[in-house]
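Below is the structure I would like to discuss, written out as C-alpha cells.
Lettered A, B, C and D in written order, each chain numbered from 1.
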Amino acid sequence: MTETTALQDTLASIHVAVTSDPTGEVASYIPEMACVNPDKFGMHVTTVGGNDVGVGNNNERFSIQSITKVLLLARAKLEVGSELKERVGVEPSGDPFNSLVQLEYERGIPRNPMINAGAIVVCDVLVELLDDPKSDYLSFVRKLAGCETIEFDSSVALSELLCGYRNRAIINLMKGFGNIRGDIDEVLDLYYHACSIAMSCRELARTFSTFANAGSLVETGERILSPRRTKRINAVMQTCGMYDEAGEFAFRVGLPAKSGVGGGIAAVDPGHYAVAVWSPRLNSKGNSVAGFRALELLTDQTGRSIF
Amino acid sequence: MTETTALQDTLASIHVAVTSDPTGEVASYIPEMACVNPDKFGMHVTTVGGNDVGVGNNNERFSIQSITKVLLLARAKLEVGSELKERVGVEPSGDPFNSLVQLEYERGIPRNPMINAGAIVVCDVLVELLDDPKSDYLSFVRKLAGCETIEFDSSVALSELLCGYRNRAIINLMKGFGNIRGDIDEVLDLYYHACSIAMSCRELARTFSTFANAGSLVETGERILSPRRTKRINAVMQTCGMYDEAGEFAFRVGLPAKSGVGGGIAAVDPGHYAVAVWSPRLNSKGNSVAGFRALELLTDQTGRSIF
Amino acid sequence: MTETTALQDTLASIHVAVTSDPTGEVASYIPEMACVNPDKFGMHVTTVGGNDVGVGNNNERFSIQSITKVLLLARAKLEVGSELKERVGVEPSGDPFNSLVQLEYERGIPRNPMINAGAIVVCDVLVELLDDPKSDYLSFVRKLAGCETIEFDSSVALSELLCGYRNRAIINLMKGFGNIRGDIDEVLDLYYHACSIAMSCRELARTFSTFANAGSLVETGERILSPRRTKRINAVMQTCGMYDEAGEFAFRVGLPAKSGVGGGIAAVDPGHYAVAVWSPRLNSKGNSVAGFRALELLTDQTGRSIF
Amino acid sequence: MTETTALQDTLASIHVAVTSDPTGEVASYIPEMACVNPDKFGMHVTTVGGNDVGVGNNNERFSIQSITKVLLLARAKLEVGSELKERVGVEPSGDPFNSLVQLEYERGIPRNPMINAGAIVVCDVLVELLDDPKSDYLSFVRKLAGCETIEFDSSVALSELLCGYRNRAIINLMKGFGNIRGDIDEVLDLYYHACSIAMSCRELARTFSTFANAGSLVETGERILSPRRTKRINAVMQTCGMYDEAGEFAFRVGLPAKSGVGGGIAAVDPGHYAVAVWSPRLNSKGNSVAGFRALELLTDQTGRSIF
C-alpha cells in the first residue's frame, strides 16, 4: 500500500469519526459567516514530496479569517528583519485572543503576531512599505496557494469593518502608544480584507506546505522564505496560534497550527507535510471542534508530531 | 568523521563562543546559590542511540531548581491520569513566572505545571498518593539519571523554605480555593527538596534522554512512560518551560526545554537527543544567558529543531 | 418634642420599614457566625451632646469583624505618625475587599487600612510597638466604648485563624515584599482576635461617637485623638469603609462608615452623632442589607449627611 | 471683623504660602495648554450666603477640562433618573484615570462618571436626549455661572479630538459592549467641547456654589437640582473626583472636589461654600500642586471640612 493510499484511508476514517456527533456553534457575529452550513467538513494533506490527499468538502472555499495572520507575518518578513520584534513580541498572551489588558500593560506592544493586535501592527508595516498592500498581499497568497482565482470577500470584510469596535479600540490604543504609523482606516481595511480571503482546504494545505518545506514551494522548489525565517514562523504558530488553547493543542496534537473563526485550521509538520481542516462549529475558545479532533486523530494514527 | 566526533567539535566551538563575553547575574536570593562561581560552563548531549558527548564543567553538579518541575510532572503522571488536568492547566501563563494574578482570576487553578503554583499542586498530588514522597521522588530521579549518588541539598532546601514567602502565599491562596489537599508544610517540604537536587549536565542529559526516547531509558530500553505521556510532557515543556521567554526560546532555539535559576537548562529533540547546559549567569527573565545562546548555536549548527 | 423623642420616633419607623421584608444571607464561612439568628435587628444613635437612643436588639452583642479595622487604625495612630503612609495607602481599592491583585502590582503596599491587607499591616505595627498588643488593644476598645466587659471571642478568632488561607496568602505576599516585620502567626493572632470582639450597637455607637466628637470622649471630654487625626480616620472610612460599595454608600447614605461581615455597620456624622446598626443578612458585597437601608432612611429622614 | 474680611485674609495668606516654591509640570499634550504661564494662581470662594472673595488670577479664564464632568453629570440628571446607573457606576476606580483594564473586566460599564469613560457615556446620554447637545450644555453652564460670555475653546477641542486615540479606544470598546448608542464622532465632539470650556475661578466657584446650596442658585434661589440629586453629585465627586488621589484628597482636604488637567480644582463644602482654585503645574497624578495645597490650607485654617 502506498503512502498516499494509507493516508487516504486515515483521512477517511477520521472523517467518519469526527462528523458522527457534531457539537459547537458557528460564529455568528457577521451575517455572511452565520449562514454557512454548520455540518461541512473538509480535510486535506499536502506532503513535502508533493502528495495531495483530501476528504469531504476539501475543495470548498470558506473564510480563512485569522489563519491569514500567519501569511501576513510571512509577507512582512520578506520586507523587514528584526526591527519587527520591537513592535510585536513572540510570547504567548495567556489571555483571551482579543484582550486589551496586556496591550495596555505592555504599552501598546502586542504579545505576538497571532492575536488581533499583533496582526494589525503587521498590517501597519505592510501599509507603510508596500505600494498597493491589498493587491500585493493577494498576489502573495495566490502564489503560495498556486491558484490565481483566490479572492477577498469584500462583503465579509465590510461587515467586519462596520461592527469591529473592539479592533478599532485596539488600533486606537496602539496609536496612542505610538505603535501604529499609518492611517487607522487604511490599516484596518487591509486587515479585514486579509481575513476575508476565501480558500479551500486543498488551497490552504498547499499554501502551508511551504512552511513544512523550509520555505520553498513544494511544486517548483522556488525559495520564498529562508529556512531560518520559516522555522521562526512555525515556532510562533506553535506557541501562539491557537488562541487560548495553544497548550491544549500542543498537548493533544503537537503541531504548529493556526485556526480561524471560519472553522478552519492549518497545521504544519516541518519536513513532512501541511494539513488543513475545515468544520464551522466552534468550541468556546473559538477553535473548530471537529477540526481540532481530526488533527488529534491524525497525529495519533500516524504516530508523528513534533514532540 | 563519526557523529560523536562531529558533535564533540560542535560543542567545543560553542563552548568558546558563549564563554568569551560573560554577562548576566547569578541568582542571589539564597546564600547557597549566590556563592557559585559565575563563570562555570558545562554542556552535555546524550543521543537516543546512546552517544554521550560533553564539554567544560559537564560533570560538575549544580542545583537543578525549576528543572525539577518536569520530573515532578513525569513522576505524577505515573500515578494519575487526566484528573490532573482539573487541578493544573497546560496553557502558557503570559505573566512573570511567579505571579499571583492569574492564579486568583482562575480561582486557584495554576495555568501549567512549569510555574511554581503548578509544580506545588503536582507536589500535593505526590504527597497524597505516595507513602514517602521525598525518598520516592529521589529514587525516581536516580533511576532516570542512572546514578545512585544524586542527593537533595538540604541546606538549599531549608534556605528556600525559610525565605519563600511568595510560594507560601501561593499555596495558601490555592488552599483557600480548595486546590491543595495536603498539609502546607509537607507539600512545601517536598517542593523545596525537589528543587534542591544537585545534578551535573551529564546526569541531566541522561535523565532527559528518556523524554527524547519516547519514554524508554536509552541505556536499557526499559519503558518508564508511555509515548503518549512523553509527548505531552514535551509539549508542556515547549509551551511553558522557559518562564516568560517560551516564545523567544521557541523562536531562536526551537526545542522543548526547562530552565532553572541555578543556571541549568535541559532540552529535548524528540527522537534524537537530550542536551543539558549550565552557566550560572542569568538574564532578566531568569534564564541562563550562555545556556540559552549555546542551545541556539546547537540548533543552528546541527540544522535540527522541532520546527 | 425633644430631639431625643423625635430621634426615637425616627428609629422606630426605620425599624418597621427595614425588617418587613428580609433578604440576604448570613455569612457562613465559620460555624460560630453561621448560627446567629438572621432576623436580629438593632440600631443605636449616640449624639455628641450625649443623647442615646436605640431600637430593637440594640443591646445584644455580635461579632464586629471588619469594623475593628477603624479601631486598629485609631490605636496605631496613637503610636505612629506619617510613617504609616509608607506602608499602607489611603486610596480606595476598586476591587473586591480581599483581592491579591492590586497588592502584587503595588509591591506589597495595601491600598488602604480598611481592606484585610491594610489592617494586617496595622496589626504588624501594633505587634512591633506594643508590649502586649492583644490586651492593650482590648483596653483601648473598652475605653472608647465605656464598658469593661467587652471581650474577644476566642472561638471565633480560632475558627478564622484555621480557615483563613487567603489572609495567610496576603500576609506571606507582603512579607515577601518586606512590608511585614513581625512573626506571621503573632500578627494574624492579633488580627483575628481584634475581628472577633463582640459588641452591641449601643457600645459601638458610643465607641464611634469619639470620631463624631473630633477625637474626644463624649461622656468625659477626654481627648483620645487630635481633631486632625480624627478627620483623617473619618476620611478613610468614608472613602474605603464599605468594601466595593463605598461609592454606592456615599451616594445613598453619605456618611463615613465601616461595615463587618457580622452584619454590623458603624457610621459617623462628624460634629453631630455616631450610629451603629446590626442585621446579619448580607448583600452580595458583604454589607448588611437592612443596615444599609436603615442608614439611608436615617439620613433621608433627618435631612443630614456630609453632602 | 466680618466673615468676608476674615476669608479675604485667609486667602491672601494661602496665596503667599502656596506660590513661594513652585513645583510640578504643566500638561503639555496639546499645544494650546502647554503655552499657559505655569505660575498663574487664582482662588475664589462663593458662600451660600452670597459672599464672594478671591485672590490672584481669580478672574482669568483657563480650560476647565475634567471639571466639566461634574456639570455633564448634573445636566444629565435633569433628563434621566436611575437608569443612568445601569450604564455608569458610582464606585471609585482604584486605577489611573484613563485605564481600559477595568472597563474591559466590567464589560464596558465605566466605574463612575468622573473618569473619561464614564463622562463619555454621560455625553452619549445627552446626545441621545437633547436636540442640540453642545449649545444646550453651554447654556446650562452659563446659567450656573451666571455669565453669558462663557464659551467653548474650539481650538483646544479640536486638538484633543485629533490626538485623543485613547479616548477613541475607550469609546470603541464601550460601543463593542453595547454601552454607546450614538455616533462615535458626535459623542466625542460633545465631550471634547465640554472639556474645552474656559472659565475663571470666580465663575467656577459661582457654578459650584449651586452644589453647596442644595441645588438652588445662590443669587436667585432658583432650584436647578433637587437636594437629593445634589447630594448624590457631591458624593460622587468626593469618592471619585480626584483621579487616583481621591483618598489622599479626602485625607488632607476633606471636601468633595473635581480637578482638571488645566490646573483647576472646584470643591464644595455642602451648606457653606464652593471654592475654585487654579494653578497649572500638576503633580504626577494630574492634580494641581498648588491648588491641592491651597485647599488643604483652607480647610485647616477655617477648621471646616465634611469630616
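Here is the rule we use: a contact is a pair of C-beta atoms (placed from the backbone, for glycine too) under 8 Å apart; a residue touches a chain by one contact, two chains touch by 3 or more.
Values in this document were obtained by computation on a predicted structure and should not be read as measured data.
Undergrad: Where the contacts of subunit C and subunit D overlap, which chains show up?
TA: none
Undergrad: Could you work out which chain's C-alpha centre is the most distant one from the centre of subunit B?
TA: Using the mean of the C-alpha atoms as each chain's centre, the farthest one from subunit B is D.
Undergrad: Looking only at residue numbers at the subunit A/subunit B interface, is the share used by both copies over half or under half? Answer same or different.
TA: Here the answer is same, because the shared fraction of interface numbers exceeds one half.
Undergrad: Measure off the straight-line distance from the CA centroid of subunit A to the CA centroid of subunit D, and report it in whole Å.
TA: The computed centroid separation for subunit A versus subunit D comes out at 48 Å.
Undergrad: With centres defined as the mean C-alpha position, give me the subunit A-subunit C separation in Å.
TA: The separation of the two C-alpha centroids amounts to 56 Å.
Undergrad: For subunit A versus subunit B, what separation do you get between their C-alpha means, in angstrom?
TA: Centre-to-centre distance between subunit A and subunit B: 32 Å.
Undergrad: Using the touch definition from the top, which residues of subunit D touch two or more other chains?
TA: none
Undergrad: Looking at the complex, which residues from subunit D come into contact with subunit C?
TA: For this pair, the touching residues of subunit D are 89-95, 102, 111-112, 227, 230-232, 234-236, 238-240, 244-248, 250-251, 254, 256, 270, 303, 305-307.
Undergrad: Quick one: which bits of subunit A touch subunit D in the complex? Just the residue numbers, please.
TA: Contacts found on subunit A: 99-101, 104-105, 165-166, 168-170, 172-173, 175-176.
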